[in-house]
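What follows is a pair of complexes built around chain A, which joins chain B in one and chain C in the other.
And then the complex of A and B:
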């Protein structure tokens, strides 16, 4: 026999999976560049870190992690873009899983842009 | 954990256009690229846009692929799922505007509001966990632990929910009539009418296939409200996929203890059984349906007594339609005021329509009550194809009528449809253009009713047959003005005297076309002419000698050898031999053959 608590637990676990299945709406969008250049420089573990992190922390109703194609700055891949509704886009470059974890905690959850990893900090010519 | 989900439509429409093979190929390609841990493939219920199946949707991007073929799977996986580049050539675009669209941006979805269909096309109907993830069984938990049965009934009553099977009886009232009969819950029943029989209607099937738990949960809530321990779903055996998914859903709900004894540790117990119907139309009528569940020949009986007092096995029973139940859980969770805020003065909430016939976007649409026919046809439905003109919409199937162009701006709700001579019915909506003959349409539905009349009462058994004979006479060009009058008289007589809903509504298609398209009937009778060029006896195929190049193609196509002529000379059709199949007209490359 199921109790209401057990039902709640199943719901919370499954919610993250089914929440993917809607349009971004007013959620924060996190885009990982997954073109050939991105994949070659290690975008896949970055994407996985972000996607899993968001689901593990039950944030799917606030953040949607998605992949995108090449944005033309191949030498800066892996690139992660963070788009919060109503705010300027933040572009992170030369990402790896550790940096991604940091961005998740400090920026996506904490609300502070991790300046050290952004495109502006990398002296784009 | 998955970072992306690929939804493949597993509704009956997409399945028959090959979606299962598409899904298998996608899974295989995903495995090949080592993405099986990252990308999930889910088979869902119907998305609504059946004309464009097989449909595949990729989330989180919400990319909407239409007409996906099995061989497209490799490209979708390699390009989109691996590299994040959507396969542009497969993305659904609305023709007039060429830009790419996401789901909610398309005219088809923009005006829709999905309550009954909220999970269709979103969850895997064979996984109860996904239903729970979308808030499933929360409403049942809420009523069992926080609400009295009377509060549940009052909520449904306050919401203004009315029967979606077509008649529009207030659902809460139905429940209350039954609840006041205080008998042992063992001898009270909750029934679901899933015997969807109107030609062209398939919304109930889509709910059963796409979101079966929504029905089970709502039936359990109804059971609690009226004090019943047993439910029956009467579903037609012609819906094998719906039956299969219902069986899976019931087994899963029982396993989780969401159906069965002492649900959520309360005193409430409820089980649900399936009963398969053999497809007789009359078994969609409530008394015939219950007679059929009892194991007898499905025939209606007079009311009263009403099922709320003496229904299944002569016990108090409620019977609601699938779509009605599909609204219940949301009303419980979001409240009566929320539901009441949608729709018109007398008709609350949404209605699902199965769009078919001469319309670009064939499929399922759910719109707030009060949406106009024009919005459904021209915006959501994408208009009448091939540059033809809209002539009428048939709603309510064999029980309904035709809505002509002059009434296209009437907001659709129960009362308005009745006022213009049609009815809501279960929600079939067949769009007709200038090539449809209204007498022929009326004849089609009358033929259906003659076939499906159970034969118990005379007005329906004999009356519909006589009406059909008159219609045949008219379309054969042998009708008289007196026949039209007789048709009307007989129709009204059957309406007043038949035993059950089938007979009482059977004349509607004839009466409504007589009302709005009387001139077409008269043209058939006096001028012996079918304006739309449908009734074979009243038309002839003729070759225009000025346009005919004498290519002989038509003569070779003619199965009756009715076309003669020599090469490079205009040909002639022998009207005596012509069987009016139209093969010559299809074959002619010079548009030299026309109907007269």
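And then the complex of A and C:
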């Protein structure tokens, strides 16, 4: 069985690194809908793609990925909302891991909204 | 319907976190000789009133304001009962809620358990203020992961830091395989 011992090494390593996490208000917030509607339509791998991507690219001091509940647009799930300080909120709909990867690269890192996947482009009825 | 039992577990455990639970215990207990898979999710959250308990399995009842249906618990109940298994939910205001579903393993109507590693990893890394105790049993063998133990070792190092997050995933995968021999069911 794998034990928790390795965590001690990780802790020692982390304590030697200077942790300069920005105040929560300055970071980009990425919210993934994780109510029944989101989970049933595939939100878990979308959340994991975004969270792993942000962690692996060492962006946790700039981007915070978290969960939210149901915003009442269940038919558009999985939904990802991106909130950048000082900019209007962007709502991505019908997401999947591939689209999430693209949003991470082009929008969260590159700064350009991926228009094709937004709620506005989906002919909201 | 959820396509995996692990998604039902994620969904119901999310309810526990929204109920402000400080500890959520998730037990997955599979026994092939008994042809049974038992899933228990218990929390010390705010609990439900008598009226809420009476309606919790009604798909047209929810406490949410954003929509008028609440399918999470009915989905879980249906998934279990379709296999010839059982479903039970008990709750007390101020004490917490326990949800238990039993599945008949060999039933053709049983959906796969699915990716439990991802469900537990998602819960732990996305709800850092909540503790989780996960116990996985397969034919009598078991392993467990207790975030209270992890917290004691890590101190203030967050669960979503890359090394910790990766470790938690590896720990779940390696110990699951050692417990069930990599059985897919």
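Following the convention adopted for this analysis, the second predicted complex is superposed on the first by the 102 of 125 C-alpha atoms of A that agree within 3 Å, B and C clash if a C-alpha of one lies under 4 Å from a C-alpha of the other, contacts with A are read in each partner's own complex, and residues count from 1 in each chain.
Convention: a contact is a pair of C-beta atoms (placed from the backbone, for glycine too) under 8 Å apart; a residue touches a chain by one contact, two chains touch by 3 or more.
From a predicted model like this one, the values you see are computed outputs, not experimental measurements.
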For A:33, using the defined touch cut-off, is the partner it touches chain B, chain C, both, or neither? Pick first, second, both or neither.
first
I'd like to know which partner A:41 touches here: chain B for first, chain C for second, both or neither.
neither
Just chain B (first), just chain C (second), both, or neither: which does A:1 touch?
both
Determine, under the contact definition given at the top, whether A:58 touches first (chain B), second (chain C), both, or neither.
second
Touch test for A:72: chain B only (first), chain C only (second), both, or neither?
second
With both complexes superposed on chain A, which partner does A:91 reach: first (chain B), second (chain C), both or neither?
neither
Where chain A meets both chain C and chain B, residue numbers
1-2, 4, 7, 10-11, 13-15, 34-36, 39, 47-48, 51-52, 55-56, 66-67, 69
Which residues of chain A touch chain B in the complex?
1-4, 7, 10-11, 13-18, 20-24, 32-36, 38-39, 47-48, 51-52, 55-56, 64-69
Residues of chain B defined as touching chain A within the complex
1-5, 7, 38, 40, 57, 59-62, 82-85, 102-104, 122-123, 129-130, 132-138, 141, 145, 256-258, 261-265
Quick one: which bits of chain C touch chain A in the complex? Just the residue numbers, please.
1-2, 7, 10-11, 14, 18, 64, 66-67, 70-72, 75, 115, 118-119, 121-122, 125-127, 143, 149-150, 153-155, 157, 160-167, 170-171, 174-175, 178
Okay, in this complex, where on chain A does chain C touch?
1-2, 4, 6-8, 10-11, 13-15, 34-37, 39-40, 44-45, 47-48, 51-52, 55-56, 58, 60, 66-67, 69-72, 74
